[in-house]
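What follows is a set of structures to go through.
Next come two complexes, and both contain chain A; in the first it sits with chain B, in the second with chain C.
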Partner chain A sequence: MKSNAMIDRYRWYEVIGIYAGVLLFLTFVLAPFVEGFLVSLKPLTYLFSSPYKFWPQNASFDAYFTMWERVPLLGRYIFNSILISTVGTIIGVILITPAAYAFARFDFRGRGPLLGAFLAVNMFSGAVLLIPLYRLMRSFGLLNTYFAMIVPGVAFVIPTGIWLLRTYMLRIPQELEEAALADGASRFYTFRRVILPLAMPGISVVAIYAFLTIYAQQFIYALTFNSKTEYMPLPVGLYAFFGRQDVIWNELMAASFLGVLPVFVVFIYLQRYLVAGMTAGALKT
Partner chain B sequence: MTIRQSAVVFAWLLLVPALLYVLVIVAYPLADTINLSFTNASLRQTYDWIGFDNYRNIFKRGFSDVIVRTLVWTFFSVGLKMVIGTFGAVMLNAAVPGRTMFRVLTMPPWIVPMAIGIFMWGWMYNGQFGMISGLLQRFGVIDGPMPFLAYGTTAFWATIITDVWIGVPMVTIYLLAAIQSIPRDLYEAAWADGAGRFYRFRRITLPLIVPALITMSIISLISTFNSFDIIWILTQGGPSGQTTTMIIDTYRTAIGSYKFGEGAARAVLICIFLSVFCYAYFRLISRYSGATMR
Partner chain C sequence: MGQLNFSNIHKRFGAAEIIKGIDLEVEEGEFVVFVGPSGCGKSTLLRMLAGLEEVTQGDIVIDGVKVNELPPVKRGIAMVFQSYALYPHMTVFENIAFPLRVERTKEEELRKKVEAAARILQLDQRLEQKPGQLSGGQRQRVAIGRAIVREPKIFLFDEPLSNLDAALRAEMRIELTKLHKRLKATMIYVTHDQVEAMTMADRIVVLNGGEIAQNGAPLELYHKPENLFVAGFIGNPKMNFLPVTCKGAGPDGVKVEYDGRTITVPVAPRQGMEGRRLTLGIRPEDIQIGKGELDIPVAPSVIERLGANTVVYAALPGSDTENYCALIAGSAPVRAEETLETGVFAKDCHLFDEGGVAFERQVEMTEVDPELLVATG
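This part shows the complex of A and B:
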């Protein structure tokens, strides 16, 4: 035990080195957020002034109020973003959960190759398949609807979702299902009443993963498949702050922070599970 | 029906919804891309089979430059992600007060909507009023305002840095998990033999996280190769095509000028590259795990 403690003991210059390293690393990671927040506090006239000043003069939260007047649909954009991610997450979880169970518990011919085929989907992105997706959406009559922005995104969270949840389900002891089946329960009943409740933590991780991913990646579908202003999600709606002459940067940043807020709320509450789930799923490779 | 057969039927029933979805949204479009790449499809309803003309044409229009640029862009981005990610993971692994908070603070670029993070970088790169140009002038590194996105070389590196920024949190957290899964007795044994901290890193940590580094490299490689939002929002492929990667070029051709056939041929080339990467990955990982783990 003593050696355990000793190995973790740092000399004073090592401690300084570690904190300096952490500071350097976190500066890179967080600088855009710090700068973005400070910009949202700067009045436009001070913002467009040289030389550069890091700290805002006459800081105020005005931009957080005036942005609603300049872009009246801002609330709608944020609502659209959340709606697209929420519906996408629900569809994703409904598709992922049974498939993950099949891969975790049942032995059938072609299981390995099929799982590989699902994971191969990760190789492609919406951007590569955009042309046929555009034609597909057009022939379904889905262009300029919410579904054009929801449907493609879901497909790309399915592989990782199945992988994460399958890993989680492999850890659920098999005896519980065997007992239920021996008592005469149907397979579907066992799945719904025994497995689903036990897998809930894993399903939550998958749901958070799906929500965050779809929220983060709606830009290209919204840019390409939708031209109706009232359906735009926030990432595309933010272009409303790009005027003919100038970009209204302080309000753009204020609106951005508002759009980030739902993600942060989800994240702060659940980051522990998310990190554990992502790394556990990934490390089993 | 035996119990075993009924189990197999039930398993397939569970799989069908996800399978159908992926077939319609990914597999069919993939096949359609290959099909379209041999046609002159556009917004018109009908199109003709034109053989390999699209493939011949795209190489006439300087696509080789775009391929080379994409590979260079991807190489530097993935390389930087691995270096910075390893550095971050080692720092966050150190047993100092506050490390839990530091780990949480690493995550935001990963979870924030990509477009929003990119808008923030767009401001940072602004020459007149942005933070980077401003601070560099303050410290006397550059003389006047530096609009990073206005010149080819700086725009090229600016888009790489933003891509690194988005990818680094995931790499860091994953490598941190890999470091933490290394048995402690290895370190203790080396420590008892008097091995220094840097020696332990080079001889224990680094070799044992190689599989994790390979996995993360390939995941980053795929997402960077497919990266669209960053370049589109920051430069739209400009100035004068200096940041036009294969994805951007494909988007311009297909969605910008509705040349679906030519765009599809470009997309097929992207898919070929991606397949080669994945094949190389499986070879690497199986050789590595075959040599050391079993």
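This part shows the complex of A and C:
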């Protein structure tokens, strides 16, 4: 859709400036991806040629096939990654949704401090808490299970998830609930029939956020809480490409790209919900 | 069924007292309008009746049962909200059916009831649409439909027309009046719009600052306002208030002086009023051009010609603001800044004491059907 609004009119040098700025930042963000992808296309022997050639010669997708033979469990690693993120997302959404509703609507003692504490939790990365978490996992006997990787991931998405969804739910007019109450509906019935359907875009945002975060964060938990090869998610599994003497860089990069793929697909497919959900209600439509 | 009784109702939010002791009886089948400026407590009173707000003190009794602690649905009320509060993700059918689904009504009976309600409200063709596809008036009707299917004893309306444009509002007023005649249910209606109150109500309750300023039939409020607040609130344009001095009282009424001229207003006299500062109330529509029993010459500053009428605004001597307003014939030969002779007759005047309390008018309102002056069910 081409906009003809006056606010969208720029002079030619303004247009050039805008694109130059976009290009500059995109270069920084995307260069590693480009280089990684090009490396995955190069035969291993050419990687250390001197002088280094940025553009690949004899480019081929061989690495994308040979990697499966060199690391037979690669498929399992990818499956583990997706499994951990998916289960974590489901548990996260199930816990976040009612909690966010409670924080949005119920006036209970300690609501403000708790919300503040949720923000504060975000200041700690999971890494700071690794040792206490390790001890906790050991006492519960969860070490070397899928749960050891899922539970901390879920725990760290809950505070932000509650904030996101609470903000969304605050925008649902209270009169809708009052109308339902006046018509005899219970709190839970109202939640199920009125709030849940209306909060669906917000819940999608939280689910996407949770999936992406858990997917990205599982590395550190997997490294610490799990030593079983068959439970390893992809980021840890990639270490299999680090041989005794040399690193199989091209296959490593190929596997990495395959690992980014699910997140990428999720994001491409759902990013419009993400944008719509995060800005919903900013303007009256 | 649908008799309602408020006794000594109070509502406090922290230290602020919003409702300061309201006593009110509503008969079965009455259309009662709560009207007042924003912040007068009218919506709070309605929400307490609906069971959405707790009652701090006092009793609300519906059909002889004290309902203070009962949830809304047990009170036999249905409420229509200002924003309509329709569920945007449900079709019109499901919106209207919502209360019945809560009650787990059988599918067949539910369908019959929803279709009956839709027919009354002319929504038969819209049942499969979502509220977002409807116009303001249709949304309003869906909200009413959702109230109708419950077959409540009492309907509560919280400023239901204030989101509609002027033309649609006039149309919906007529529809609501017809609906009331048809359902014969008790209706309590909250608005800040005195036109809505005057046109629809069997009885108007004017609220001011959490108290009842006056309670009566629309024309009773118009012709015999009990105090300055009601006199100023009911009627459009607003009643003019002139400062006058009392010159004596007799069987004919109270003699007052304004700007060197005197007039005897036929109101119930009180003793010992001589020399007091009183307020003379004159409705803009009672002012005429030319001589009357009291002449008020003014220089109009703004003239609004509405076609049917002309509204003349002027500043009284000793005032900078336009505090004098006259409603005269549409073709009246008036010009801005040219002195205009206006006159009023004593029988049309209202008189208020220093506390704002009206002297009871003794006018024979022969042209008014006496039944209209008494609130009836």
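The working rule: the second predicted complex is superposed on the first by the 256 of 285 C-alpha atoms of A that agree within 3 Å, B and C clash if a C-alpha of one lies under 4 Å from a C-alpha of the other, contacts with A are read in each partner's own complex, and residues count from 1 in each chain.
Rule of thumb we're sticking to: contacts are C-beta pairs under 8 Å (C-beta built on N, C-alpha and C of every residue); 3 or more make two chains touch, one makes a residue touch a chain.
Just so it is clear, the structure is predicted and the values come from calculations on it, not from any experiment.
Identify whether chain B and chain C fit side by side or clash on chain A in the overlaid structures.
Aligned on chain A, chain B and chain C fit with no clash.
Under the stated touch criterion, which partner chain does A:A180 make contact with: chain B (first), chain C (second), both, or neither?
A:A180 contacts chain C only, not chain B.
Looking at chain A, which partner touches more of its residues: chain C or chain B?
Of the two chains, more chain A residues are contacted by B.
A:A216 in the overlay: touching chain B, chain C, both, or neither? Say first, second, both or neither.
A:A216: touches chain B, not chain C.
Looking at A:W249 after the superposition, I want to know if it touches chain B, chain C, both of them or none. Which is it: first, second, both, neither?
first
Which partner does A:I18 contact after superposing on A: first (chain B), second (chain C), both, neither?
Touch status of A:I18: first partner only.
By the touch definition at the top of the document, which applies to A:L73: first (chain B), second (chain C), both, or neither?
In the superposition, A:L73 touches no partner, neither chain B nor chain C.
For the overlay built on chain A, what is the smallest gap between any CA atom of chain B and any CA atom of chain C, in Å?
The answer is 7 Å, the least C-alpha separation in the overlay.
Spell out the part of chain A that touches chain B in their complex, as residue ranges.
Going through chain A, the ones touching chain B are 3-4, 6-8, 10, 14-15, 18-19, 21-22, 25-26, 28-33, 35-36, 39, 47-54, 81, 94-96, 98-99, 101-103, 105-109, 114, 118, 120-125, 127-136, 151-152, 154-156, 158-159, 162, 187-188, 191, 212, 215-220, 223-224, 234-236, 238, 249, 252-253, 256, 259-260, 263-264, 267, 271, 275, 278-279, 282-283, 285.
Name, in rising order, each residue of chain C that touches chain A in their complex.
These residues of chain C touch chain A: 50-52, 71-73, 77-79, 81-83, 85, 87-89, 98-99, 101-103, 146, 150.
Sort out for me which residues of chain A touch chain C in the complex.
173, 175-176, 178-185, 189, 193-194, 197-198
In their complex, what parts of chain B are in touch with chain A?
Going by the criterion above, the answer is residues 6-8, 10-15, 17-19, 21-22, 24-26, 28-30, 32-33, 36, 84, 87-88, 90-92, 94-96, 102-109, 111-117, 119-121, 123-124, 128-131, 133-135, 137-138, 145, 165, 168-169, 173-174, 177-178, 181, 184, 187-188, 191-192, 197, 212, 215, 222-223, 226, 228-229, 232-233, 247, 250-251, 254-255, 260, 263-264, 267, 270-271, 274-275, 278, 285.
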